[in-house]
């Protein structure tokens, strides 16, 4: 399969006062094949959103490579970077905050064309109209209105419309449905699925909700404290999680069905998330891992294949 | 104010809370009734704007004074607290009714030490000295499984993680041994792993202390295995109420059905299209005639749009729903119609008792 | 949903329009020379020829009040325009870029802010001369670090919003992000503060001229008229009253306009 | 969570020490700029001292005597050295040293400023508390409009009005003059009543408005709802939970307000002829007594910086979060 995005040894660190560093993302590598959807999950503070923004170069990575269609984005500067970024677009978590409250909808959605193409205003609005229809918004009724008049779900549709204006190949969705009600969340997930097949989009879907991720993803990657724990086909990962952390995450999800007996052997995570300024040595999960042994503190487990397409970073993977 | 009584712990009757705004009257809680026994949990499920938080505040009677119209009764231990003075209300808040609110990051005072935030409630209601109050607070911190409770006692909220802070708010709510615990989206702001810990803790404490608990949430997954009974709210009204297993296996109301089906599930395979509910929840100002869910409902017909469905009883006990075209067909014959707003306002609870 | 501006806003705006028009048209209006002595007998009460009477030098009080407004308005609006130019531009840049740009401008602003403003203005005026322009520039310079701080913090909060990130993700060049996404949202906060600042600048000038440190006599300013008036407070308090009233109503109007705009734009009431 | 071993007290101590260390470069830069400003601007102390009859040779000699022919940096270092030894130079117009003049005048200005703030707080804090308990009530609207009006009144208008009303018309208080604190406390306070009210009124308006809006915002926060849910009384919630976080902006503001307070104090001193720093500044400027002006600028600026530092430390004491964020 053709690779569209290849992230190699991505590191993002922030300064947190003198001599202190936040290790937000530490040596993450993964690749996305054309047309696939990769779900990126983890608890808050695990670095999944930072990864998304670092790929987009909205945050400068400390080191590592982000190859998009063969070009390393981390080496590009200003104009070249802006041009290369046209192929990648992003949808953000907060539907209200991701739209400028002072601008009209047609200008928000038309903005990418206003920047990148020389077509006339009329032609631009015509394209905006087509996109409105595609994402299920009434162009006539909403074009001259401003974002605050719309609900969260509608705002997210507007964001999606804007992101598709430049015909991107890769879409990075950063928690696109976590601020929405369940009934609206389903609308947006269905819309994304439909658009994906229509435009042959590749999607990096960042979320904390494992069920949502499972619904939309071909493959799933699990992050913990800036590190990649496990990455696999989604059916495999959900059926036979190999990393104790993945397992704990899955066990913690409340199933909306009173007839499903809660697993009696479910192990809930104990203890607190360690600090990202001073992460544990060796395996970062060891402080909360029920299976941790001496070697886990001494040696960092590398991400390795345990079956075709199933990689895990653990000294003692399950199954 | 006696403990010798026959009624339930909490009996909410036709509760209405309207807000007067410049846009018109917002009917945030509109004719809501339910009862709750000691030692049991009722889950109130609704999407944002369905009025579930206003309901919890109305039950506590913690509403602003200006621009609010309320009606109905809230019998707590047999006394109607809607008739209480502010002084009387302050006597039961914290002492008999505890509140755990949504966001542990904002619900603790950032400049007051945790210990003080717990003891001030104890000292206010139980009038004991400082040392005893501290001892009590530390034992409560222990009971909410707070690691190193003595040290946390003199910590500030910002030094704790979200999960630990929520344990502190639970400790505060439980400090005086309340009879009723209202948990308003207690885990929405928390990670899924912490959510499980907090929910387990709440159920454990609720059983141990034989409290009644109202668990308010938007997440059906949260209420599915932790509530005895579930009430589904939509646009300020309870549209279906049933014991948990009955609700999930035999839902009647079309909204409940759509809500349950729209949730992506871990047990379902990838890439299945989800059932979605088109449109958005209605504006609570000037709600239209008929069923409030009708504009978004695939099954809505003329009657749904013109005539508001009353709460009707399904075949199983304690199962009420408001729908003209319920799942599985109309079961109860029309004579069993229980209440019809504006025509014969029969209270739900009286029907339940006549059973 | 928009809140109404209310009657007080429109009354205030009316007063400001009146003051500005009078200042602009002062030369055209049938007024005697404000600095000419003995256009009539000294210390006259209000009459049909001299609506507000005359001062001990026999100068026309109405004419002096109207010409005096020119100084207040030029200093008030001029100094804040200068302050906006200095503080506003650097504030947006510092707030948006952060890091070293922010450090540089912010350190500079903090140094300026370390001086009590009046002392700095007095020092500048003493050594540069008592002309209208020096006063305007001095007050503008003193005000700019405060405007910088306001613009910077407003920009910082706007720059965190996701629509700014979204605009960058689309590939908008920096000038476009600043002009289309950041500036319109900062401007909203700014408008209310700017009016307050104009009021403060007018008050500052009046205080200076009361101390005899503003535009040199005999040019009429409200401040030096009030100062003159205090000398005759016991005998002829009305001389003190007119410029005081003019100053009071002007500042009040500006404050009311600022406050109504602040409420309209949903900006929080704070002076920092 | 990074440094749990530190106690709150240690953290606070560390914070104060860091802030004090940061003060030294600020004071150096500020004093240098002051020096530079007063030296580079046109207008020369030699011109001021030399009258019209001054010869070119006399002029040059005076320049040498005052050390004005040396490079600016050398002069600054010398000035700083002398300043640290407590020597700020001599006044050209009186036979006092600058230090003596300041020592004589400063207490008067400080007493005036201090008392005016006490007065302003006594009036503004209760007003703000009652306003915020019932926002938009009749009391709130009345007091808000009242403070709005005060905000629009210049100090010198208030001052002259008070003189007219209480000194000229009914002779309750002296219009001008100052009685020394050590000489007669009663007369001293009496002579300060009108100046203190005049200066305090502007602060009342500012404090009332800011504290009110801050309290209203705090009262809407979740933790206040939680405090109510504990059954605590309104009075307790106001004093224990609302007022303390609200004081943070308030303290910062009060420190910044010192700038406009100094302006106000100068004006008040002129109106009531109080022999403080303000009056000294005005006369020195009029007589181009250059070293006195420089000394005043230096002292007020250092004082201003110190007060703002004090405010920062105070907010850190009030709000434990700041200690961690700013260290």
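Going by the order they are written in, the chains are A, B, C and D; count residues from 1 in each one.
Going forward, a contact is a pair of C-beta atoms (placed from the backbone, for glycine too) under 8 Å apart; a residue touches a chain by one contact, two chains touch by 3 or more.
If you're wondering where the values come from, they're calculated on a predicted model, not measured in any experiment.
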- Query: Using direct touches as single steps, what is the fewest number of steps from subunit A over to subunit B?
  - Reply: 1
- Please find the path from subunit A to subunit C through touching chains that uses the fewest steps, and give that number. 1
- Task: Would you mind telling me which chain pair, B-D or C-D, is linked by more contacting C-beta pairs?
- Result: C-D
- Note on the structure: Of all chains, the one whose CA centroid lies most distant from that of subunit C is B
- Note on the structure: Distance between the CA centroids of subunit A and subunit D (whole Å) is 52
- Query: Counting in whole Å, what is the centre-to-centre distance of subunit C and subunit D, each centre being its mean C-alpha position?
  - Reply: 22
- Task: Hunt down the residues of subunit D that sit against at least two other chains at once, touch-wise.
- Result: 1
- Message: Quick check on subunit B: which residues sit in contact with 2+ other chains?
- Response: 161
- For the subunit B and subunit A complex, residues of the former touching the latter: 47-48, 161, 163-164, 191-193, 195-197, 199-200, 218-222, 224-225, 244-245, 248-249, 258-260, 262-278, 280-281, 296
- subunit D-touching residues of subunit C, taken from the complex the two chains share: 110-111, 114-119, 122-124, 126-128, 199, 203-204, 206-207, 210-213, 223, 226-227, 229-230, 233-234, 237, 240, 244, 247-248, 251-252, 255-256, 259, 268-272
- Query: Which residues, counting only subunit A, touch subunit B once they are in their complex?
  - Reply: 43-44, 151, 153-154, 181-187, 189-190, 193, 208-212, 214-218, 234-235, 238, 248-260, 262, 268-270, 272-273
- Message: If we count contacts the way the header does, which residues on subunit D are in touch with subunit C in the complex?
- Response: 26, 29-30, 33-34, 37-38, 41-43, 148-149, 151-157, 160-161, 163-164, 168, 206, 209-210, 213-214, 217, 249, 252-253, 256, 258-260, 262-263, 266-267, 270-271, 281-282, 285, 288, 293, 296-297, 300-301, 304-305, 308
- subunit A touches which residues of subunit C in the complex? 161-163, 165-173, 176, 180-181, 184-185, 188
